[in-house]
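Comments concern the structure below.
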Amino acid sequence: MNKLSVSLPGLEMKNPIMPASGCFGFGKEYAGFYDLSVLGAAAIKAATREPRFGNPTPRVAETHSGMLNAIGLQNPGVDKIMENELPFFQSYDLPIVANIAGSTVEDYCEVARKISKHPQVSALELNISCPNVKEGGIQFGTDAATAAALTKKVKAVSSKPVYVKLSPNVSNIAEMALAVEEAGADGLSMINTLLGMRLDLKTRKPVLANKTGGLSGPAIKPVAIRMIHEVSQAVSIPIIGMGGVSSAEDVIEFMLAGASAVAIGTANFVDPYVCPEIISQLPELLEKMNVNHITELIGGSWKECGIPSLSR
Amino acid sequence: MNKLSVSLPGLEMKNPIMPASGCFGFGKEYAGFYDLSVLGAAAIKAATREPRFGNPTPRVAETHSGMLNAIGLQNPGVDKIMENELPFFQSYDLPIVANIAGSTVEDYCEVARKISKHPQVSALELNISCPNVKEGGIQFGTDAATAAALTKKVKAVSSKPVYVKLSPNVSNIAEMALAVEEAGADGLSMINTLLGMRLDLKTRKPVLANKTGGLSGPAIKPVAIRMIHEVSQAVSIPIIGMGGVSSAEDVIEFMLAGASAVAIGTANFVDPYVCPEIISQLPELLEKMNVNHITELIGGSWKECGIPSLSR
Amino acid sequence: MKKEFVRVISQKEIAHQIFELKVQGEVVAEMTSPGQFVHLRVSDSFQPLLRRPISICDVDLSNRTLTMLYRKEGTGTALLSQKKEGETVDLLGPLGNGFPLDAITAGQTALLVGGGIGVPPLYYLAKELTKRGINITAVLGFQSERDAFYKEKFAELGEVFISTVDGSLGTKGFVTDVLNNEDINYDLLYSCGPTVMLKALEAQVPDADGFFSLEERMGCGIGACFACVCHINGGEPSDYVKICSNGPVFPIGRVAL
Amino acid sequence: MKKEFVRVISQKEIAHQIFELKVQGEVVAEMTSPGQFVHLRVSDSFQPLLRRPISICDVDLSNRTLTMLYRKEGTGTALLSQKKEGETVDLLGPLGNGFPLDAITAGQTALLVGGGIGVPPLYYLAKELTKRGINITAVLGFQSERDAFYKEKFAELGEVFISTVDGSLGTKGFVTDVLNNEDINYDLLYSCGPTVMLKALEAQVPDADGFFSLEERMGCGIGACFACVCHINGGEPSDYVKICSNGPVFPIGRVAL
C-alpha cells in the first residue's frame, strides 16, 4: 500500500508533494536533477494569453528567512506553452497543474479554455493573487464577488477541475474561500505571496525594479498555517497548501492544518532536490507518528477534538 | 545641534526611537538596563477599562526569524496603570505613548478620556489591531468605517493627540489609513502583528493555547516597509513605523519608507540594550549617508524623485 | 543583571543528550543565589530568534566560572551544544529570584526533589545549603539510567535516592514513588522539575513547606512581555505572577500549577 | 551539474576584502569550461536564504580542487569568509555556459578585459587558452592598489595591463583608458565585469568580436525562476535570455546591456 497517495479533483497523486507554480519553470531544469515521476504533481509557471516579458530586473531580493520576487508573470504565452513546453511531460508520469493568469475575465477564460484541453494538463490553478503585475491578478484576488464571478466563468469554459489560488493580502480569507467555493471551484491553492518591499540604503530606493514584490519562504509559514487552518474548517473543497515549506515536518504541519496536498516553492531554489528528499523522508516520519496513511493527518489539528476552532 | 530629534504631534523626541507597546511592559524592567531618558519616547503596554489576565499559556512560540505571541492584552486596568505605573516615568525625561484597547467604543472612550489626562502621557495609541483577543481590537481594525467612527469618538474625549495603530491583516491598508486620518487621527502607528499560527507535531495542536497569535520580528519587516511606503504617500499625518526593526540600518530603511519615528518591539527581547545601542549608532550612520538631520530621510525612497509610486 | 559575552571553558556530554557547559565571565560574580537562571542567545542570526532560559547549576565565584547543564532538545540547545572552548556565548543574567536559603536553619534537613532537567539548579542549592550546615536529602528522577547525571555529585553532599521510569537505575517509577517507599524526614522541601511532577508532589505531601521552581515559555525573561504569567491560588482572576521576574521560585501553594 | 558538500582546503585574504577559497570534491571533475559558475549555500539556516553565485576561477582536475575568488560584500560572502579548512560548503554546479574556446585558434591573440570581481573567471580562461597555444593579453581594472589581485598570475600567461581608479597601480582610470593609451592588437575579446564597464567597452570597440560574461541577481541559478532575464538586442519585446542558464557568457552584442 502506498501510504502517501492522495486524491484530489483531477489529481491522482502518488504523494502530496508538488513544486509550486513559478518555482519550477516548465519542469525541464529539475528533470536534470531527478526523475520528475517521483513527484505527486507539478504546477507550472503561469500562462497568459499573450507572451509576457515581465518586470525589469532586479526581480529578486532577500529578506530575513524569506525572499521577495517580482517576476511579473513572464511566460511565452499559452499557445507556445501548449506547443513547446507541455509535451515535455509526456515522458513522465505525473499530473500537471496549469497556473493561469490574465488582466481581464476574457483573458483568463481564453487561457483556461485552451490549456484545459491539453492532454498533459490535469487541473487548472487560477492565479488571482499575483502581487507583481499592475493589472490582472491581484484585483481579482481581494474582492470576493469579483473572484467568484471569475471562477464561475472559468469553470464554464474549463474541461478540467479548477483550483483557485488565494492571496493572503486580504482582511478575510475565509470569505474569499467561501465565495469561490460557492462559485464552483474544485479546490483551493493557498497561499500566494505576501506583498512586501525592501529598500537599498545606498540608492535609497526599493531593491526591486518593480518596487514591491511577493514575500515567500519560511518567513511566511505561520501566516500560511493560520489561513489554511481557518479556511479548511470553513470550506469542503480540498486545499493545496503552500508558503515556506522546506522540510518533511513542514509538510506534516500543513496537512495537520488542513491541506490535502502541499506545494513547495522557494525551497527549490535553496535545494533543487528538496521535493524528492521530502518525499523520501515522509514514510519514516509517518511511522514515528503512528500514522497509517498520510490522509489521516489532513485537518488533524482541528478535527480530532471535534470542536471547530474560533481562529479569529 | 541634535541631528536625531523629531517632532510629532504631542511627541517632542530627542531621537526617533521608541520601544513598541507590549514589548516594554511599563518601563521598569528596562530601567534596570539603561537610563530611559535616552529614548525618544516609549509606548506602554495596552490599557483596558478593567484588569485583564489575558490568554492561557503558552503565549509565545518561535517561527523562522519571527515569533508569535498571544498575550491577550493582559494589564491591570486603566485605573491601576494611572495610579501605580505611570508615576514611575516622572523620574525620566521622555514622552510616553499610552496604548489603549477595548471591546466596545465605550471602553475605548472611557480609557482614552481617563488616561489622556494623566500628566505623564503625551499621546495615545489606539490599538485597533490586536489579533489576540476574541472581541475588541481587531474587528475595529479591519473595517474602515468602524475604525473611523471609533477614531472620531476617541478624539472627542482625548485631551492628547491620538495615533491609530493599524493592522496589517487587511486588503487595503491605505483605505484604512485615509479613513482614520479623515476621522481626525493625529498620526498612525504601523504595523501591528500579522495573524499567524504554529502547530506542534507531537500534540498535533497549535503551540499557542490561544491557537493563533501575532507574528512579529524580522520576518515581517518587508510587509511593514511596503505598507509604510504606500500609506505615507497617501496620508499627510506622520507615521510611527515598526515591524521587525533590529538595527540602526533598519531604522533608516523605515524612515526612507516614510516613517517619522520608529518603534522597536521584539528586538528588545533578543537584546534589552537594543534601543540605546541603535540610538548611539545613528549619528555615524547619518554621517556616512551624508545626511545632516535624520528628518531628511523621511519618505526618501519616494520623495526625491517626486513621482508618487504605484505600489499596488 | 548584565549582558555579557562569556567565554566557553568546556563543554561535554555527561549523559544521553545532557551537556555540561562551563563558561567564564565578569557577570558570574553576581550569581550568588541558587535557583536563578540565565538567558542565552545561541546564534547571532535570527534563527532562533529568542533567548533560551537555562538554570544556574554551579558557580565558582573565585574564578568566575558558571556551570550549566542542559538537554539537547530543539534548535536552540542543538546550536548551544556546538559551542567550543574559547568561543563566546551571549548571556543575560542572573535573572529571577532564587531559592530562599534562610527559610531553614543549620542542623535541619532539606529535601531536594528534582526531575530530569529540573535537577541542575538543585545542585548549586545543595552546595549552598550544605555550606550553611543544613543536611541534604536529594531525590532525583530520570527517564532511565542513560539520562541520569550528577548522582555522585549530590552523593558528596548528602543522601541521594534515584528513580527511573524504566527501573534501570534506583527505584522504578517516579520521585513520588521514592517518597512513598522510603521514610524520609525533612524540614523543608525544595523542588524543580516538570509541572506534572510538581503537581504530583503537591498532592502527595500537601502540608509540606517549601519552594517550587517553575517553567514556562518565555519571551523577554525579564518581566516585560507577559509571556510567562501564572494565576495565583486564591487570588482575583486577574491576579498573576511572572515566572521570569517574580519567580521562577515560589513558595509551595502560591501559584496555580 | 551536481550538488555536493565540498571540503575547504584553504581560505585566505589575498587583497583588501578579496578572499581566495580552495575546495575539493568529486563535482570539480565536471568543471572543464571557464566562465561557468557555482552556486553556494553558505549557511544551513535560512539566513541568508538563497545561494550565492561565484565564478570558477581555477580548477585542478588532477586533485579535484576548485579555486574561487570573492569579495566580502554582504551577509553571504561574510559567512563564506568564515569557513575554515576542513569544513564543508554546499555547492551546486557547475552552472551556465562558459566562454567558447574554439572561437579562436592557436597563434591568435585573445584580449581578456576584467573589472574587479569580474577578473576571476578570466584566469581559468587564460590558462585554458594558453594551453591551446593562444596568446593572451589581459587588461585588469581595480579601484586601487589594495584591491588588486592575481596580477602576477596573469603575468605568467601573457602581457598584463592594470588600471586603478585612483592611479595607485598601473594606468590611472578605467580599463577603457588602458585600451585608449596602449596599442593592443587582438583577434578576440573576452570580458567580465560590472555592466557599466561592459557598456563602455562595447561603445569603445563597437566592432570587436568576442564574448561578455554578465551578472544579475539570481533566484534559482538553474533557469527555473525567471529572476535573471535580459532582453535580446533586435529581438521581440518578449524575447529573452536567462543569464544563469543561457549565459552567463554571451556573444558581444547579443544581449541588451
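So that you can tell them apart, the chains are marked A, B, C and D in the order they are listed, and the count of residues begins at 1 in each.
Quick note on the criterion: a residue touches a chain if its C-beta (ideal position, glycine included) is under 8 Å from a C-beta of that chain, and two chains touch if they have at least 3 such contacts.
All values reported here derive from a predicted model rather than from experimental measurement.
Shared contact partners of chain B and chain D are A, C.
Taking each chain's centre as the mean of its C-alpha atoms, chain A lies 36 Å from chain D. Look at where the CA atoms of chain A average out and do the same for chain B: the two points lie 33 Å apart.
Chain A and chain C have Cα centroids lying 47 Å from one another. The set of chain A residues touching two or more other chains comprises 64-66, 217-219. Each of residues 46-47 in chain D touches at least two other chains.
Taken as a contact graph, the chains are fully connected, with every chain touching every other chain.
Interface residues of chain B, counted against chain A in their complex, comprise 63-66, 68, 134, 138, 142-143, 169-172, 194-199, 201, 204-206, 211-212, 215, 217-223, 225-226, 229, 244, 249, 252-253, 256-257, 289, 300-301, 304, 309-312. Taken together, the chain D residues at the contact with chain B in this complex read 46-47.
Within the complex formed with chain D, the residues of chain A that make contact are 22-25, 28-30, 32-33, 45, 50-54, 57-62, 64-67, 69, 71, 74, 76-77, 217-219, 246, 266, 268-273. Of all residues in chain A, only 64-65 touch chain C in the complex they form. Note for the complex: chain D touches chain A at residues 1, 3, 41, 46-51, 92, 216-231, 236-240, 245.
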